[in-house]
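I've put the structures underneath this note.
One chain, chain A, appears in both complexes that follow, with chain B as partner in the first and chain C in the second.
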Partner chain A sequence: MIRKFTKSALLLLLLALAEIATAQDGAAILEKVDANMSSDNRIFESSMTIHTKRGSRTITSKSWSEGNNKSFTEYLSPAAEKGTKMLKLEKQLWIYSPSTDRTIQLSGHMLRQSVMGSDLSYEDMMDDRKLNEIYSSEIKGQEKIGDRNTFVLLLTAKVEDAAYYTQKIWVDAERFVPLKQELYAKSGKLLKRMEMSNVIQVQGRWFPATVIYKDMLKQGDGTEFKITSIKFNQTIPPHLFTKASLKQ
Partner chain B sequence: MIKFLIKGLLRDKSRSRLPIMVVAIGVTLTVFMHAYITGFMGDTIEMNARFTTGHAKVMTRAYAEDASLLPNDLALMQIEELLDSLRSLYPDMSWSPRIQFGGLIDVPDSAGETRSQGTAIGWGLELIANQDELNRLDLQKALRSGHLPRKSGDALLSNSFAGKLGIAPGDEFTLISSTMNGGMAMYNFRLSGTVHFGVEIMDRGSIIADLKDVQLALEMENAAGEITGFSNTGFYDNNQAEKLSDSFNSKFKTDDEFSPVMLSLSQQGNMGQYVQMSEVWSAYVSLIFIFAMSLVLWNAGLLGGLRRYGEVGIRLAMGESKGHVYRSMIAESVFIGIAGSVTGTAAGLGFAWLLQTYGLDISGMMQGASLMMPTIIKARITPTDFYIGFFPGVISTVIGTLLSGIGIYRRQTAKLFKELEA
Partner chain C sequence: MKIALKLAWRNLTGAGLRTWLNVLVLSFSFVVIIWLKGIMTGWDHQAKTDMTQWEIGGGQYWHESYDPYDPFTLAGSHAKLPSQLENAMKAGDLTGLLLTQGAIFPEGRMMSVVIKGLDPGQSILKLPSRKLGTTASAIPAIIGNMMAKHSKLKAGDYVTLRWRNANGTFDATDVLITDIFSSNVPAVDAGQIYIPLATLQEVMLLPDEISLIVLRDKTDGWNEIPGWKYKSKAELTKQVDEMIKTKSAGQTVLYFILLLLAMLAIFDTQVLSIFRRQKEIGTYVALGYTKQQVVGLFTVEGSMHAVLAALLSAAYGLPFLAWQAKAGWTMPVDTSEFGMAIAQTLYPVYSAGLVIGTVLTVTITTAIVSYLPARKIARMNPTDALRGKLQ
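And then the complex of A and B:
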């Protein structure tokens, strides 16, 4: 009787230890992902192609960001969007439109609106925090995406203000960059899907240069986001992250 | 004979006053209820037609599928040509392009930065080119301050919304929305005036601007989300509207999701159920009420007949034939029914006129309502109201007398004196 009980207890202990080990492994993988995807600061140029029922259009922009809380974006083309600027400071977002010469602050549910009609919301764009800071992770298995081996991680929010309660993320087992991400609401509903490709090495880190975003609640074929150039750890003048720079 | 009976009724108040009063009260309630139901149901349908559905509406097939989301990226294009076709094909209807949109209204401070904000539902309507939409939405009457849009850049805000934003006529504000291509739309307007419609959804937060301005703001040149059609008679006729949409759809039938499709008011959202419900409900309520009043008035007729048991006995004892007594009582009930119905119809029409003219404010009960319903209930007097009361008023009274009068034929002359002695 006592022997049986001891065996069961040991089994439970082993299972618990295995669970802790899996969680720790998940956290370690996520840390490596964060090391690739996050940086002290970065400057990048990108093009965003939005596929709608009536056709596609491409918007180009240049962005400067510092840590998780400061970023500045200027839209370069097409003509209708040229000169539009966005400034993010902490949890606040301002948009400047040259046609109206107005600086508008967006807050609350407006941050869930689509950016320029794309499949990205302002909230998606603003949330640059490290995944490890927002989510606890658990390895769910291994899968192949194309010819790449990936770890499948289930992330569950550990902070109150996470935009998505859970995420399923496929991480390249060798380069530790996400190759696919599924973002879920607390109800379990799939809200967005991201597919990363064209993984490049920049300044010693791996980075996916192309991301296809698909808002699952929207019609259309998604938004293709391409980074055309990216530089990490550059010197960015502090005045760029001020409201005054929006009108310049 | 008729003169004799009328004199009898006038001189013997117990035979006329109470029965006429009972009939009149019943008929008053019937007429008033009918006018009230017609008014309330009709107002709700017409209000939805004027503000959202039109009597018929043309959209692209793709837009129609998600019309509640106001998907302007799926809007009609080349609308000038489509409008020309509609106007020549269906001249009995008045056609107006409209753009409905959602957005954020942002009011600047002196430095041009956000002072206050609020989400709004917007309407781009032909306000400057012609007077049709101004009259249709009765904007002059709805105006609470300032003036209607006169030039490009002018816009109206709902009165309470403007109050919440702290903005007055003459002030500038910015609309932030999505362009037809999905881009960000930012457009400066000048508040020309504020409006109050008495419709909770419209008064909560709305912006109304000229179509051309909205087309410019949302990059929708020669495009519109919808083209609304209104019957020149001014009233919605479901059969006519459905025939019209069938005719249009057979002419413009293609598999292209951006081809135009016409939907009648009853084919849009839940309006079909409402139209059907209003027809059935109006008939049921009227019928139930007429039936209930008929029972009351029939009972009154029966009581009248029974109350005159002694009088009938004396008349038979004096040699009057049973048939003559029966016929004279029926004739009297006809006079009572007519007098009561006329009085009741006049009173019912009077009360209905008061409700039609002044209305009953139920805005307190409508706070937070998502249905487009009037916050002031008004009756509507229709030709039916002038005769509907006569059904329960005359027929029931006469049927009551007919039934109670059968007893006359059961009376036996030999027993009459015994009964009278008792």
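And then the complex of A and C:
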């Protein structure tokens, strides 16, 4: 009887340890992902192609960002958007439109509107905290995406203010960059899907240069976001992250 | 005075067609003014009744942060029902609504909406809240006609509703449209979706919290509740008053033009009468009338146009106005897009004050216009007038 009990207790202990080990592994993987994806600051040029029922259009921009709370974007093309600038400071967002020469501040529900008709909302662009800070992770298995082996991680929010309660993320087992990401509502409904490709190595870190965003509740083929050049940890003049720079 | 009236009647009927044309134009002014003012009163009545029944009840309490014109305030505008109102809530004398922002995705199109949590058992507002009590495979929801038109949703359709809870976490589920209501109040229809209050409180992680309270009737002593702003019915319908005031001001121009036309005709008639009836004026004076009595005679004669016009208006205007009050006036354009509480068909409401006021205004104006040219008589030389000499 005692032996039977001891066996059961040991089994339970082993299972618990395995669970902890899996969680720790998940956290470790997420940490490596954050190390690749996050930086003190970055400067990048990108193109965003929005695919809709009526066709596709491409918007190019140059962005400067510092940590999670500061970013500045200037749109370079097409002509209709050229000169439009966007400044994010903490949880506030300002947009300058050269055609009206006016700056407007977005807040509340306006932040939930899509950016230039894309599948990204302003909020999506604003929330770029490290995954490890927001989610606890659990390895759910391994899968192949194309020819790459990936860990499938289930992320569950550990902070109250996470935008998405759960996420499923496929992390390249070798390079530790996400190759696919699914964002779920608290109810479990799939809201957004991101597919990353064209993984490049920049300054010793791996980074997916192409991301296809798809709002799963909306029609359309999603938005393709391509980084054409990126530099990490550069010197960015502090005045860039001020409202005055919007009109310059 | 009796002779003056008799003479005026004789002269007016003697003038024949000219008199009846004047009377007709004046009577037209009577009917149009009463009808238009009646439409305005009817709109006022309809808008306030509809707003009371559909939106504001007998008054409201708003959470101190709530501002219906600033959607940014919705996120922070909620609190538990104040203890002072708990008994009234139990008695069914008030109902609470929780408001939050969200989006629906009909046919894959995103539409921003205000999600309103409504108690399915409430009976204060005319909203078909009992349709929210129906058990369904999805959360039951009701929307208004205008919203249904814009979203192309029908009763029985499922649509994905997305919102962010109190912590900012996205949540989404399919809701079933259980009913589509028809209301003239855009404030309860456009861009809005109603789901059961308890469900919204649960998914928003805001148990027992509400954004606004709708009262069945105003009860004294409820005014001051910390954290809540009392909005009386008069305050909530102020915009209707202002709109009607603006519209009435615009209509005054029309009344003025109508009256101007009628008064010009009467003025001309008076001038012509005095010019052509100089011998008659001289005869009156020769018979012992003072000049002021002759002026009075002509003024009575001119004013009698208004009296006859009132009688003629009654003859054809009463049946018309009565028919309009019953059948109403259906506006040729779709009013649902106007953004204010206005029915497609407006039923004019005529009060005694409106009719008496209009008759008095027109009669007094006619009397003044009749008097102005008649003043010339006082400056006439009676001898020359008797001889018919032009003066």
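Structural remarks
By our rule, the second predicted complex is superposed on the first by the 248 of 248 C-alpha atoms of A that agree within 3 Å, B and C clash if a C-alpha of one lies under 4 Å from a C-alpha of the other, contacts with A are read in each partner's own complex, and residues count from 1 in each chain.
The rule we apply is simple: a residue touches a chain if its C-beta (ideal position, glycine included) is under 8 Å from a C-beta of that chain, and two chains touch if they have at least 3 such contacts.
Note that the structure is a prediction, hence the values are computed from the model and not measured.
By the touch criterion defined above, A:157 reaches chain C but does not reach chain B. Look at A:100: by the touch rule set out above, it reaches chain B but stays clear of chain C. Contact with chain B, but none with chain C, is seen for A:50 once the two complexes are overlaid on the shared chain. Of the two partner chains placed by the overlay, only chain B lies in contact with A:81; chain C stays clear of it.
After overlaying the two complexes on the shared chain, residue contacts for A:186 are found with chain C alone; chain B is out of touch. Contacts of A:117 after superposition: chain B is touched, whereas chain C is not reached. By the document's definition of touching, neither partner reaches A:91: not chain B, not chain C. Touch criterion not met for A:144: it reaches neither chain B nor chain C. With both structures placed on the common chain, the touch criterion links A:231 to neither chain B nor chain C. Common to the chain B and chain C interfaces on chain A are residues 107, 114, 219. Across the complex, chain C is touched by residues 107-109, 112-114, 157, 160-165, 183, 185-187, 189, 191, 215, 217-220 of chain A.
By the touch criterion given at the top, residues 62, 66, 73-74, 104, 106, 108, 112-114, 117, 119, 174, 176, 178-179, 181-184, 186-188, 219, 257-258 of chain B touch chain A in their complex. Per the touch definition, chain A reaches chain B in the complex via residues 50, 52-54, 57, 59, 80-81, 84, 95, 97, 99-107, 110, 114-118, 219, 243. Within the complex formed with chain A, the residues of chain C that make contact are 71-72, 74-75, 101, 103, 105, 107-110, 112, 160, 162, 164-165, 167-173, 203.
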